[in-house]
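Here the chain labels run A, B, C, D, E and F in written order, and each chain numbers its own residues starting at 1.
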Amino acid sequence: MTGGTETLPGGSVAVEPAPEAPFYRAVGDEEEVFRAAARGGLPVLLKGPTGCGKTRFVQAMAHELGRELITVAGHEDMTSADLVGRFLLKGGETAWVDGPLTRAVREGAICYLDEVVEARQDTVVVIHPLTDHRRELALDRLGTTLRAAPGFQLVISYNPGYQSVLKNIKESTRQRFVAIELGFPPAEAEAQIVAREAGVGAETAQALVRLGNAIRDLDGSPLREASSTRMLILAGSLVAQGLSLRTAARSAIVQALSDDPDVVRALGELADAVLPGT
Amino acid sequence: MTGGTETLPGGSVAVEPAPEAPFYRAVGDEEEVFRAAARGGLPVLLKGPTGCGKTRFVQAMAHELGRELITVAGHEDMTSADLVGRFLLKGGETAWVDGPLTRAVREGAICYLDEVVEARQDTVVVIHPLTDHRRELALDRLGTTLRAAPGFQLVISYNPGYQSVLKNIKESTRQRFVAIELGFPPAEAEAQIVAREAGVGAETAQALVRLGNAIRDLDGSPLREASSTRMLILAGSLVAQGLSLRTAARSAIVQALSDDPDVVRALGELADAVLPGT
Amino acid sequence: MTGGTETLPGGSVAVEPAPEAPFYRAVGDEEEVFRAAARGGLPVLLKGPTGCGKTRFVQAMAHELGRELITVAGHEDMTSADLVGRFLLKGGETAWVDGPLTRAVREGAICYLDEVVEARQDTVVVIHPLTDHRRELALDRLGTTLRAAPGFQLVISYNPGYQSVLKNIKESTRQRFVAIELGFPPAEAEAQIVAREAGVGAETAQALVRLGNAIRDLDGSPLREASSTRMLILAGSLVAQGLSLRTAARSAIVQALSDDPDVVRALGELADAVLPGT
Amino acid sequence: MTGGTETLPGGSVAVEPAPEAPFYRAVGDEEEVFRAAARGGLPVLLKGPTGCGKTRFVQAMAHELGRELITVAGHEDMTSADLVGRFLLKGGETAWVDGPLTRAVREGAICYLDEVVEARQDTVVVIHPLTDHRRELALDRLGTTLRAAPGFQLVISYNPGYQSVLKNIKESTRQRFVAIELGFPPAEAEAQIVAREAGVGAETAQALVRLGNAIRDLDGSPLREASSTRMLILAGSLVAQGLSLRTAARSAIVQALSDDPDVVRALGELADAVLPGT
Amino acid sequence: MTGGTETLPGGSVAVEPAPEAPFYRAVGDEEEVFRAAARGGLPVLLKGPTGCGKTRFVQAMAHELGRELITVAGHEDMTSADLVGRFLLKGGETAWVDGPLTRAVREGAICYLDEVVEARQDTVVVIHPLTDHRRELALDRLGTTLRAAPGFQLVISYNPGYQSVLKNIKESTRQRFVAIELGFPPAEAEAQIVAREAGVGAETAQALVRLGNAIRDLDGSPLREASSTRMLILAGSLVAQGLSLRTAARSAIVQALSDDPDVVRALGELADAVLPGT
Amino acid sequence: MTGGTETLPGGSVAVEPAPEAPFYRAVGDEEEVFRAAARGGLPVLLKGPTGCGKTRFVQAMAHELGRELITVAGHEDMTSADLVGRFLLKGGETAWVDGPLTRAVREGAICYLDEVVEARQDTVVVIHPLTDHRRELALDRLGTTLRAAPGFQLVISYNPGYQSVLKNIKESTRQRFVAIELGFPPAEAEAQIVAREAGVGAETAQALVRLGNAIRDLDGSPLREASSTRMLILAGSLVAQGLSLRTAARSAIVQALSDDPDVVRALGELADAVLPGT
């Protein structure tokens, strides 16, 4: 490749979709509630800790419902233009390029705004008219308004334990959504997930889940977040690449959870006690 | 669809208006005051809690008066250009594109600025000359000034319980408006609204309103906002999609009102006590 | 209308001037001082509470002196370019467009900067050379300097009770201006103003002024601003549109002055006591 | 005039220079020091209260030395580009336009940066190489450096009483300048200045200077700035336009010095006691 | 050279790659863990103090694995566009230019984000979808998404002792990475590194490592960072250029560690005690 | 002159180099250390108070080593683009213009970043790869990386007494540099420098140095910075232009050191006691 310069929007650049169906194990009535919201075109708010499977849940529901899923990761500097679209200069004229939310509205897709609370307020306000009976998206810069295509559904997520007082989702936004709370799955289900996603045997997965739950059960934990399903999968993946269970857990769980030497030592001893091997 | 690129302002993009008349049940003399203000071309300030029906009230009045309604949602990053308009590059020339306020001024529409207190100060100042006998909008960037067409009326809203000391509507802005205070409707009227908007039977609607009022009446409530009419409608919509009343209330009301496990549990018990079913 | 797009500076967009002479009732020697400053080309600073008639006073003086009046509302985000002008792209060349201050300087008009203390410091500094014997406006971006045409006069206003410690007019700016303090007019004059501007009878106007003065005389008032002449006119306008005096006062004065339920109730009782009717 | 649009840099826009020589009365050895600095091409820092005559002093020295004077008013948003110059788009090419400092450097003029402490730090740093033996101005955007023409001299001013702890002139900047402190002139000289600048008789001027000194001598004054020579001239100008001495002093001095009703009353009584007339 | 102007992306500007293999001495199982992560395409987080060899470790691993290494230094103002790419104007059209992360994703290179915690949040969020099973990079401005080429691996680093409470790596980011902790190497290994990198004899290198460890072992050290391997190499390089060991240590270690005269004196005495020579 | 407009990069604008060799008197082993660093291509950090001669030292070393010196003054708003370069629009194409650091890297010059701690963090990070064995400069916007030409050396300076806790040079930056501390020269050397630079006799220079040292020796000094060599030269220059020693010292030293009337008086008395004359 000679330098990475190409005109917009290129033809050679293509998204290769992941063909396989996402793996999700329901814990409560979250699938039932999501399906009802989807039938009614009602927006959904997913609440739950980091790495518990919120993204995977949306992927599974989108797959089951046969809808396209457009995911946007929220961040502090995200503006409404990042969602809605913007003008770009092209051949001396300004041309409008749809943002991911606008694409979802036009095409009737599910638009998943991950950690939307990170975004600036204007990104939140732009989605309000999409959440009530209007189902409209104002394209102020185009001087027009889009009615959402059938099938369009808005899903947002956030981590309640993670939000500060200063940065929280506005009440006037929250109460427009059907709220679904997700937590870490029960041990058996979590082991199935780890085994399948990391490509390891049941015994390894179960050992990792035991370690995960042992850490989650620590009293007065100094950790800001508990060991997540995602970390257990990562540790499993290292085992699948040939590392010992203990070395894998130390790299993907213990060292990832803390920088404090005392905490790292204590977690390491816990891992050695829980995991098989020498 | 090949990529969402189109020239501005497109012809294929159209606003499809909602044909049906909005449903609003008057509580006090708010309709009488609004009509008087409309006859005199006087600006109106709507005060009231989130989700009590401010937007629906404006929609109903605009429909009754036969005027176009242009709604703008205020947010922290909204600038005067978002209201008034801006120049865009087109064919090597800069072309002016009207903002929603300018369109309303030209066409004699009602311009509804929702939660205008969220916007930056410059958006507030730009509307001042529209609120007195001048009824003018300065288009500084065009070096010109527009006299509002007959029928133009400015309506702004805000939530008094929601404003902080730091962020409040300026006194010099407030006193230019006829102020109308709205609250949650009486039980009977609210049940009619829920039944009609959610498409559920009277009994379901009444049960949801009983739950809403039970939560509103909680002493020393830890909730920042009470259960709104909007939440009751959302819960009703889930029932209309097949969920049980309790599951619907849990998703659309209880989980939406709080992230605190204790509060969620207490509200859930209240919902189980108030709502029929097992 | 097809979309509100037009080239700059358009010919079809026109300012329709208000033909009638503004109504102003002098209270002290403010007209005499203003005329002397106008004869000498000296800049004027108007001090006074919100809604007491500062803008109306300038309009009346401009009318009496036969000068064009160009008004600019100050706001937090106003920059010197908003006053002086800026370059815009036109036909591949950058073209300069005069701001309102530059237009006033060229044409010998009165330039009225309302609430200039709201603007950023650079807008204040740009007016300094216009306030002394130089009467110059530096157009830095053009690399040139304009000498003000005869008749040019700078008038700024601010509300002393409204300014915080953090945001105040600089001493080095203040002492360049002839300062005129305005207050609310005496009862008889205020009633004349209300009657004329709202289009109501003398009795209604007098009743509203009585209510206004009763509120202004409240001891230990919790209100940040008193009831202004502007509010009384607004209440009168509602009466002229058919509302009862009490309903009009409640909407345009009581609800506009406070969001506190206790204060609103107390002011409502005061209004009922002062105003005729049931 | 049709709209204030013209190409850059226009030919019809011209600076009309003030022909008369500025009037300055020396108090100490400030002229001698300035002349020595001018002979050596050394930069000068003027310190003194607002309105004491710093600008007038520089104008008088520039006139005596036969040098062009280019004045720039510092403000919070001033950047180095405002001093040095910038690129503007012209006919599809970017064209460089000199800023006022660059023009002074090329033409050997005196460049006077008024209240430079208000400007952003980058404006201060850009002048450093102009203050030592290098006498260079780096035009970074042109990729070149200018050696100052003979006659170029940099003069900056600031008000020591006005600066906060947070905003002060950097030590590494200060010590590059010959510092000259200016204060209010002695009574006789100040009366001459007021008489000449305001166009009033000696008696009126002397009365105003007596008032000015009475205010400056107040013990425990609540005023942030004293009555300046500039204010006395402004009061004199109102007298020259026909106002009485007391009305003029009230508008140009008393009301300009304070918004506090008690302070305004006390100063008004002082003015009535000091000034002749009823 | 006449002025440094050339069109983009130039052909005459070329990167001359460093041919020699980087020298790295493993301390623990860091190489084994890195190789497993590389085989699985798993992202790696390197933790360790400034100058301990994190960059050198990545260089050595990239060399061993035969992959291209693209390094990006994080900083406070780095935005996602700095990583992903941006549009530049070219011949009247906007042309997209890949950022370093996008280049690594396309070409299957290792992308090393050094001190990524310094960057703004949006740079962190953009890498999330690259860290899980999706291995995708969203090019929002192109309206497309890239699947990472085989061989692509993301490596980030940060210094745990250096981070403040306000600025830390997000938990939801951390737990996506295999974490490897690096420290200063043991004395023998560090002496080999110093000797090789600085081009000095074993004795000189050992003396410098003795000094480094003596400083690291100081009780209650007032230093914010310890003497790093990098500083020892720098001191060795000065010796290789002819300075005495003591002068070299004073310049590259003692004066670099502190500005406090007392600390500088104490460290200087320590250096004189530890190092040979007079 | 018609307006200061010229195309970029102009031919008529030229840098006239200063032909004479800079005068520097070594105090310690600073020249020896600098030469060793220069031979090894190692970066140098100069520490020392304002006006002690850091810039002069670099100029002298560059002259001795026969290398071009490119100086950049750091400031709060300086970005990496100011060092590295940027794109400018030219004839409809974007053309790259090298910044001063890039020019030095290409041409093998010494690049001196004065008070680099003032600059934003991203300017600091961009120089990291230039300080180690890579000697590379990443031109991210060009998508390329430059290897530094032989002879390139990076020199940065800062004033340890001047830095606040909030704004300091990062440890990870510091430890990449050979640190050289400079102070005020001994009395005899400083007198030679003052005599030569100001063009005054030995006696005058010695008197000024006596005053400088008397101020530096003041116990519990209220001054933020001591009297620098630069100030003594400036006072000498005023003497060379005909002022008396006492007037010169008062303007260039006493008034420049403080605005506090008491401090100014005390320093003035000290100057009168130390300096000859009446």
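Criterion: a residue touches a chain if its C-beta (ideal position, glycine included) is under 8 Å from a C-beta of that chain, and two chains touch if they have at least 3 such contacts.
Which chain is which protein? Per UniProt: A, B, C, D, E, F = AAA domain-containing protein.
Keep in mind it's a predicted model, so treat the numbers as computed, not measured.
**Student:** Suppose a student superposes the Cα atoms of chain C on chain F; what rotation angle should they report, nearest 5 degrees?
**Tutor:** About 120 degrees, rounded to the nearest 5.
**Student:** From the centre of chain F, which chain's CA centre is farthest?
**Tutor:** B
**Student:** Based on the averaged CA atom positions, which chain is farthest from chain D?
**Tutor:** A
**Student:** Tell me whether chain C and chain D, two copies of the same sequence, contact each other through the same residue numbers or different ones, using over half shared as the line for same.
**Tutor:** Counting which numbers both chains contribute, under half are shared, so the two copies meet through different residues.
**Student:** What whole-number Å value describes the gap between the mean CA coordinates of chain B and chain D?
**Tutor:** Centres of chain B and chain D (C-alpha means) sit 52 Å apart.
**Student:** Please report how many Å separate the Cα centroid of chain B from that of chain C, as a whole number.
**Tutor:** 30
**Student:** Mind checking the centre-to-centre distance between chain A and chain D? Centres are C-alpha means, answer in whole Å.
**Tutor:** Here the centre of chain D sits 60 Å away from the centre of chain A.
**Student:** Could you tell me which residues belong to chain C and also touch two or more other chains?
**Tutor:** Within chain C, residues 3-4, 9, 89, 92, 97-98, 103, 143 contact more than one other chain.
**Student:** Going by the contact rule at the top, pick out the chain F residues touching chain D in the complex.
**Tutor:** Against chain D, the touching part of chain F is residues 1-10, 13-16, 18, 50-51, 71, 73-78, 82, 88-92, 97-100, 103, 115, 118, 159, 162, 197, 224-225, 228, 230-231, 234, 237-238, 240-243, 247-248, 251-252, 255-257, 259, 264.
**Student:** For the complex, which residues does chain E have touching chain A?
**Tutor:** Of all residues in chain E, those touching chain A are 9, 29, 32-33, 36-37, 39-40, 42, 45, 47, 79-80, 85, 87, 89, 92-98, 102-103, 106-107, 120-122, 124-126, 128-129, 132-134, 136, 138-147, 160, 171-172, 174-181.
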